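You will see two complexes here that share chain A, one where it goes with chain B and one where it goes with chain C.
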Partner chain A sequence: MRRPFGAAVLTAPLLLFLLVTFVAPIGAFLWRGVTDDEVRPVLPRTVVALASWNGTGTPGEEAFAALVEDLRAARSGDRGAIPRAAARLNADRPGFRGLLPMTARRVEAPFEGSARAAVLAISEEWAAPETWGAIARAGGPMSSFHVLAALDLRQDATGAIGQAPEDTRIFRAVLLRSLWISLLVTAVCLALGWPLAWLIATARGLPATLLLAAVMLPFWISLVVRTAAWMVLLQREGIVNAALQASGIVDAPLPLLMNRFAVVLGMVHILLPFMVLPLVAAFRGLDPRLPRAAASLGAAPWRVFLRVTLPLSLPGVGAGCILVFIQALGFYVTPALLGGPNDQMLAWFVGFYATRSVNWGLAAALSIMLLVAVGLCVALYGRLAGFRRPGAA
Partner chain B sequence: MDRRTILKGALAAAALPAAARAQGRDLTVVSWGGAYQDAQREVYFRPFQQQTRNRLLEETWDGGIGVLRSRIASGANTWDVVQVESEELLIGADEGLFEPLDWAAIGGKDAYIAEAVNDYGVGAILYSFIIAYDRARMAQGPANWADFFDTARFPGKRGMRKGPKTTLEMALMADGVAPAQVYEVLGTPAGVDRAFRKLDSIKADIAWFERGSQPPQWLAAGEVALTVAYNGRISAANATDGRNFAIVWTNNIFTLDSWVIMKGSPNKAKAVEFLKFVGQPAVQAALPPKIPYGVTAKGVNERLPAEVLANLPTAPQNIANALQLSDRFWLDNLDRLTQRFNTWVSR
Partner chain C sequence: MADPLVRFERVRKTYGTGAAAVQSLDLDIARGELMTLLGPSGSGKTTTLMMLAGFELPSEGRILLEGRDIAQTAPHRRGIGVVFQSYALFPHMTVAENVAFPLSVRGVGRSERDSRVAKALDMVRLGGFGDRRPAQLSGGQQQRVALARAMVFEPPIVLLDEPLGALDKALREEMQLEIRHIHQRLGVTMMYVTHDQAEALTLSDRIAVFEGGRIRQCADPKALYDRPADAFVAGFVGENNLLPGTIEARDGEECSIRLRCGPLVQASAVDCGGRGEACVVAIRPERIAVAGVTASDLGEGALPATVLEAIFLGDHVRLRLGVGDGGEILAKRPAGVGSLPEPGGPAAIAWPEGAAFAFRDTTPRV
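Presenting the complex of A and B:
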């Protein structure tokens, strides 16, 4: 048992590296999708008081008293925590961004009588069950709020889960769109890549080298540069439209940019090598005597292809398709630059919520969705094709 | 988080011992960098140092309330005066990141235009969202937002900013809502529906931009016939790229950047002195000829050449029917309206 131990020692630095730079940060980010830690530190007593509330009607005096006490404590402590909690609550229920700091300011001075009357006098919003429902939902420490939002679902104050309002339902459609675009790109890559790979695998000498170099070349150019080059080519007064108009094929410039066509074109261009290379490897590993043997036994060329060549290249096809599909699913830059608003894929929304609206919880929940989709696709591939190495069949 | 920010963080950490004797630190003023800060240096920073015998250090930043928050929270803040966007002014004031402003010490509230006055900040510049088109391609352009939405009279793509902020206001004004009533209408569900219905009418013709540099590029390339744009970008394209872009000021939407003093600044007295200096109309009047932003002291317009004034959001004819972007409204409503906008735009 010396060898496995030695192997473990030798791979330990790599595993440690992966753990520190890959697994831990991604795990920490995804963790935010299922937790809620902004509201509880500010409103600890309120969250506890709401635990026994059933979600219907305005809560009783003890919840209002807890709210007043929490807000006073927060005002005298870290004042920045109130707006942060308000921002989180505002993502659930608009109006909280102003409501919470305003209420905190107004209850700071001591008052006579019930907390309920005093708080309701500040804003009628505090009479609405959903206002309190938002606080209860954000109480943490674990939370389904972001994951539900990523699935276009929401929970009301009583805990019942229902559809999000029709005009804000978006993420399920975006997931389907991402899957569809990825599938389309994979299919086009396969259709274009198969003959090319065959050509490369069967060519000899200089042509083979040149063909392979032509496939590899794009690898050495930045993805953004290649995408930007497509913008120059496809824009309204770009090279393609100028050529089409000059040759009299079209009268007015075609809308080639900011649509699905441009996105698929750009993605195929970038992902094609990932299809071609595994295919070339599969073809090169294919025993050239087998098709010849089939032919010598009287099979017609199409029959040789269908019964011998194609089945033997399947492991390469599978590897190429899964590589292209998974990469396509997470594409961000190309759809952002070449696509219109209804061509944006899931990654664009992850970026939007992470950097633009600073809603990390939702960004993490969407990432979880993307990860689960990729995991399911890989699992499906594993079941259908198995993870055998080419030639190991 | 770019390299520069990280570098700055490292420098700030290295400067920790120095922060302990922060009394000896020079006044540090932070602005947006680029051509804008170059202009500020010539007009504000150098003259201030020469005339008041104060030393002044400059830094740049890219905005973001998180940056200010962590500076105050860490106790290692080395910034005194910072130029912030209107939303950061509002949030920062809420969170207690800024010193309350002593208006009497910087000339009094009456010395400034009303929009520039805030308890925690004084307006530095105004800029506007306007309609722009290329005179080289369109002789008779649109005159207002209703025209912008009129695809029959003005065919072709229109550029708009991808997001609900400013876009919904423009749709309502195009639908006949007066600027003064825009936020009142937008505050109701029916008003939001109305704005989206109006946008629906030209949805197929809208090209959405995400960066301020895109509208002038698109206009120049003929990608769009009309576009929403920042006024400064269009003037800059005319001045430096020899373009002949027209600006339509009718019902433009304007917003301000403000100067604030960071909470607990050891240089507060010098900071106030600086704000007083840059608040003088005679000093401010030198900025717009260098970069086409409006400034905030009363009495500047009279000192500006007519051709400079005509391109500013603060010119009387440009600001008369303008709408000030409401940060209060958007703080409360941005989350839901963004969600709805994203859903709408991607259908």
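Presenting the complex of A and C:
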């Protein structure tokens, strides 16, 4: 019992560090994808009043009265609260960004008669069930709104889940695109990295060192710099186009930048070492007597490769592929700089919603989707190949 | 030899500009023979095996297999079975798949393949282990799988490169007998490489003793032990007392040698010069008779000695004896025969005629 305890004490600082700098912030961020806490503080009574509403038709007088009361209270409180709630509601139903502050301003003055008539007089929008549905959905504290939105789904006022409107359906396509680009990059890395790794693993002395250094060299240069270098190379008046035109291969400059080709090229360049290094380790761990034994037993070189060398390098192939694929899935800078609008991957949208449209909930939900996709890939790999050490098959 | 299965003709192998790993090798291996290449590490025996297997190319000379020069034949076309030092079993295949490998690459049909694999596994007493992975087997079992795999396609010759090196002593001795029995039962030709002289004596029909890239002697185990051709073989195969001295007189085979430590002894000249030349006298420890008496009591030719140490080893006793001026002789005698001489006490030693051999002094003394 002493040893595990001692080990736990020794690793405690690291665990604490990870908890504080990694698990906690990421957890807090992802938490925002499944919670909703911007509308409830502003419209507490309205949310309660809507709890018994069935989602069809306009809600009753008590909901309107609660809305008026909430908005009056909010106007006298924190000045940023109403715009924040309006922004959140606007993400669900466009138009709310203006509607809520305007309604709040107009109901401040006392009025005669029913709250329902007064509010409907401000805007006909308040007659639509979906307007109230948006408030009900944003009532929190937990919410499936962002996660559903990340899957191009939405809930209507009655709680039924359906497809998002055609023109806002993008995330499933983005996820498929991200998976496809990652797969493509992994395949290209494998095709290029396998022979290179074989060469490095079988070379001896100085050539092996130089080859390995050449593979490792890109690690010493910032990812942004390497990506920017590709922009210089591939642009319309760039080196590649100039060379192609000068040699007469093409008449007009080729569109090499802002497309899928540039994205895959840049990503392969950055991720290749992650494929080569596990493969080199796998090849180096391979007993050199095994191919010899196979040859002595009558196997021609191609058969030695297919039946001995290739199967024994598979754990390395698996490790390399999973490393490259997972990293590719989360790529952000390279597609953003080298790709066109149709080459952006999931991480770009996370960045977009987190920083530009300030929709933290959706950004978090997209991150959850990315995390789940990666988790599924790792689980699939574990199921197919097992989590063994490379070379210890 | 009329029709050798394998013939090495003036084979030489050099690496780069260094000394030759194998210098002008001539060796015939007969059909059905178990030939052992015995020698210390770096003596060229493994290089010789690898040249026959096709993983090394001779720099000069020819290697004939069944009368054909195989210099241009790729390893996988030679059809020679090889058992490697570390077994080299394929870790990703089961035992049965390992043994079936040489058959499947030869396009042998499934049903025949299965029956031959089963037969081969039975031969090495591993029937029923076919579904295991090599990693689940003990070292001795892995070795047997490697043997079955190298023999299942019925090659004309099986090469074994220090196959028992990784096993402990008891298992090694058991496997030696097993290999010998398989060889006797199937009559397959085998070339066996080892640095363990006891193993070579146990297994072999003939032994080629390698040293410095040359064959020092090639003979059957008894001849090798009883009539070593030079001082190296005398010292390497079995235990021997090697006593330096100078030839005082020579009469044909018989010579008188003045040992460096003093006494004058008689020995049969095997490979030595004439009067005045340096030589070593080799006497097997078990041929030396020791008595706890003075030399004159043992008869003519006996040497006076002092018992330095007596080591009891169960079945026999090893005696370290001081002879003359600083000379030391090792003697063995069966335990339980007579009483042990007391250390420090006087003794007399003698050996029968023909038990001592004189060789040219070539071994560098350490």
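Details
In this section, the second predicted complex is superposed on the first by the 392 of 393 C-alpha atoms of A that agree within 3 Å, B and C clash if a C-alpha of one lies under 4 Å from a C-alpha of the other, contacts with A are read in each partner's own complex, and residues count from 1 in each chain.
Throughout what follows, contacts are C-beta pairs under 8 Å (C-beta built on N, C-alpha and C of every residue); 3 or more make two chains touch, one makes a residue touch a chain.
Predicted, not measured: the structure shown is a model, and the values here were computed from it.
Overlay on chain A: chain B and chain C fit together in the combined arrangement. Judged by the touch definition given at the top, the superposed model places A:Asn90 against chain B, while chain C stays out of reach. Note on the composite model: angle chain B-chain A-chain C, taken at the C-alpha centres, equals 140°, rounded to the nearest 10.
By the touch criterion defined above, A:Ile170 reaches chain B but does not reach chain C. In the superposed model, A:Met258 makes contact with chain B only, not with chain C. Residue contacts after overlaying the shared chain place A:Leu290 against chain C, while chain B stays out of touching range. With both structures placed on the common chain, the touch criterion links A:Ala299 to chain C but leaves chain B unconnected. Of the two partner chains, chain B is the only one that A:Pro341 touches; chain C does not reach it. A simple residue count on chain A separates chain B from chain C, and the partner touching more is B. Taking all C-alpha atoms of chain B against all those of chain C in the superposed arrangement, the shortest distance found is 46 Å.
In the superposition on chain A, no residue of chain A contacts both chain B and chain C. Residues 66, 69, 72-73, 91, 94-97, 162, 207-208, 221-223, 328, 331-336, 338-340, 342-347 of chain B are the ones that touch chain A when the two sit in their complex.
Of all the residues in chain A, the ones that touch chain C in their complex are 287, 289-290, 292-301, 303-304, 307-308, 311-312, 393.
Interface residues of chain A, counted against chain B in their complex, comprise 79-80, 82-83, 90-91, 94-98, 101, 167-170, 173-174, 235-237, 258, 340-342, 344, 349, 352, 357-359. On chain C, the positions that touch chain A within their shared complex are 53-55, 74-82, 84-86, 88-92, 101-102, 105-106, 149-150, 153.
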